[in-house]
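Every chain is named by a letter (A, B and C) in the order it is written, and numbering of its residues begins at 1.
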Amino acid sequence: MNSVRLFFVGGLTSYRALFYWLSPTIYIPSLIVAPIFQILLFAYIGRSAGLQSDVFYVTGNAIQYAAIPCLFAMSQTVSGERFQNTLSAILVSPAKRFPLFVGRALPVMGNAAFVSAFSFAAGCIILGVTLPAGSIPGLAVVILVAAFSCTGLGLTNAAVSLRVRENAVLSNVIFGFLLIFTGANVPISELPGWMQDVSHVLPLTHAIQAARDLAAGEPFSDVTGLLATELGIGFTYLAGGLVLLRLFEWQGRKYATLEQL
Amino acid sequence: MKTLRLLGIGWLFHFKMIMRSAFDGIGQVIYPLFFATVAFFVFRAGDSPRTLLYASLGAAVMGMWSATSTTAGSAMQRERWQGTLEALVATPTNFALILLPVTIAMATIGIYSLVATLLWGRLLFGIQLTLVHPLLFVLSIPATVLTFGALGFLFAVCFVRFRAAWALGNMFEYPVWLICGFLVPLSFFPYWVRPISWILAPTWGMNAIRESSLGGSPLPDLLMCFALGTAYIALGFLVMDRLLRAARERAALSLT
Amino acid sequence: MAVVEAHDLRRVYKTHTGTIRRRVKEIEAVKSVSFQIEKGELFGLLGPNGAGKTTTIKMLITLLIPTSGHASVLGHDVVKDPREVRKRIGYVFGGERGVYERLSGYDNLRYFAELYGVPPKVQKPRIEELLELVGLKGREHERTEGYSRGMKQRLHVARGLLHDPEVVFLDEPTIGLDPVGARELRATIGTLTEAGKTILLTTHYMFEADALCDRIAVISQGEIVAEGTPAQLKSRVESGAVTEVEVYGIPDETVERLRTLEGVLSVWIEERDQAQVLSVQTRADVQLTAAILGHLNGSNVGRVSHREPTLEDAYVALVKDE
């Protein structure tokens, strides 16, 4: 299969896994209602605690919530193969990994970006947050970069999930970590030193900062550095995920455990 | 009597089963701790009369609610997957009586979350638990468990029809956290939200626990818990037959 | 009055296909099924996979509501009076699922004993008795997730009998069981009839229906295509007698010539290890053995045997006719 076909076929399988999520009874509660309420929850917690910064919580949570589709949907496209016993078939094929799995990641990324954007907009409207008109295009870019970066993490998580039986719990735990460490709800500066170090190597941290800067009126040129870092982090996790998949494949062949994956 | 025995045995067996899946349980307890941690940071940084203990109690009850809302919705799905939903419906016992102890067992797990969150607050942020009305505090916990179980029962009854019940159950996690006054006093919300909060038992369970700890009058709250719990159960029973019939018509009791 | 009555039962399933354009497809799993089962009868519902056996039985045990038609068990309508029906029936479905994996076999039975309203004093001895009956004694305190398929099946049987029901519905109970286990289960089913219970058994094993059932209804593609005692069904289809001859290589033209013989209904050959078995189905009123052997002169011939038409022949004919 040439790379381009792989890219699209891989994408189609992911799309089908995504179709599970596209069913209205799952999509609306999980990817429309939930992120909006997460934004509202923390905005009001902020208000209740005497911190009046709705925009802080909107930017943080709208972007952080992209983790849900990235972690769960990505995991499902990879694990879905396991359940259909086709993962080993793919792994032993000479198909090039990169286009195959990247193709798979695209719909997930697109969906994550949509979820972030929608909840962002809804949060702003409900809470009465106004953004500088000029920041909107920049924010769109930030959301896309964040979705990409988080999808990279999603791929790594998906790879690890192959080895872990209770992968839903793992995904939830990662989500929880992102909630705290990315500065979504707590300014990084308020976290203890060691936590700040962790923040800087996680996806979404820089994107959230970039979004906040843009919302505060800073020009796009000021945040390009942050976005570049975010992209780099995304690529690292993406590569890490691919390496892990390769590793598991090699292990599977060596120890005849491909079907146990 | 026979009904109490039935409920007791149902609770016992389902609690036993839940306890036997350690990993799920640990995840159930850990997940709310992340939110608790955020709440602690936010309240510590903020400038409000509400103390960290307020946050700790609120977060603890958040955990209790999670234990119910995230699992009650998917309880029926799990029964369906195991193939036991049909087996249960096929018994002559009123299905509502079979379902109620299941959700109460799930709510009981919330006690672990409550304890874990209070301990977490103590360990990491030095939050001390005070008990102005210790007896009522101890009473509030099972009262909250029972009303949460009753509300979970109502959810489970309504979601029997849907194959993706878990997603609907999960949908109620955040909203209840928000509008039941766990971390945000009801006065912060527009006036029309208030009635919604009042018909949700978590509001009163939270009040009961908070007021027995921080001071206030928990007794009216406990009475509201009881009243609402009874109302949920009654409603659930009324609706049960109709909904089961719909499931039997749509062949939604089994996977095939 | 018959214990189980089914009148024109019909069941249509709606499935949704496609995700962007959601189409509704209607599948008629059961088109029109009617039968009656008398007290103490062991009634068989025989049919291939997908014939509608499980759907029919689920309608009778109140798990599915018929799209049209009606049914009653012991005088209670399955749709209007499900609770009364459930009190008096037990059902046994096969398979790996349907038990609580994290509980022991014993706990599973205790839970369901409670749900079936078995009086508390009776529960313990009844459970012990049933464990003995199905051969799970000694393993009852292990979690059922560790049970083999056969053990789970036996647990299903025990559960179906907890409240000593008058009517028992069994859906392919021996499927997936090893031969010994299957034989034991069939013996157990036999004892149930002796105890006066009325039984509906579905199966796709012809020999099982033949051996166990007082009466059989053959179901195919959602409809009953024949009903009667095993003997009646066998005689319903003109299958004559079958002569089997062991041969070692037989030319095709000989087979063709045999086909053209007067009285021959059909000829077929089966490969069996070193030899082949030539089967000639003849009308019941003719004796063609000599003629057949005459045609085979020149080929090596081994054993010759005759056999009675089996229920399988009748069944295949009935089901294939559709």
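Criterion: a residue touches a chain if its C-beta (ideal position, glycine included) is under 8 Å from a C-beta of that chain, and two chains touch if they have at least 3 such contacts.
Keep in mind the model is a prediction, meaning the values are calculated, not measured.
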item: Most centrally placed chain, judged by C-alpha centres; value: B
item: Per Cα centroids, the chain farthest from chain C; value: A
item: Chain centre separation in whole Å, for chain C relative to chain A (CA means); value: 52
item: Between chain B and chain C, centroid-to-centroid distance (C-alpha), Å; value: 46
item: Inter-centroid spacing, chain B versus chain A (mean Cα positions, whole Å); value: 29
item: Set of chain C residues in contact with two or more other chains; value: none
item: Per-residue overlap in chain A, given as positions that touch at least 2 other chains; value: 23
item: Per-residue overlap in chain B, given as positions that touch at least 2 other chains; value: none
item: Contact set on chain A toward chain B in their complex; value: 23, 25-26, 29-30, 33-34, 37-38, 40-42, 44-51, 165-166, 168-169, 172-173, 175-177, 179-180, 185-186, 190-191
item: Contact footprint of chain C on chain B as seen in their complex; value: 5-6, 9-10, 13, 16-17, 20-21, 81-84, 86-94, 98, 245, 248-251, 253-254
item: Sites on chain C touched by chain B in the complex; value: 13-14, 61-65, 83-84, 86-87, 91, 93, 95, 97-103, 107, 110-112, 114-117, 120, 159
item: Contact footprint of chain A on chain B as seen in their complex; value: 23-24, 26-27, 30-31, 33-35, 37-39, 41-43, 45-48, 50, 55, 162-164, 167-168, 170-171, 173-175, 177-178, 183-185, 188-189
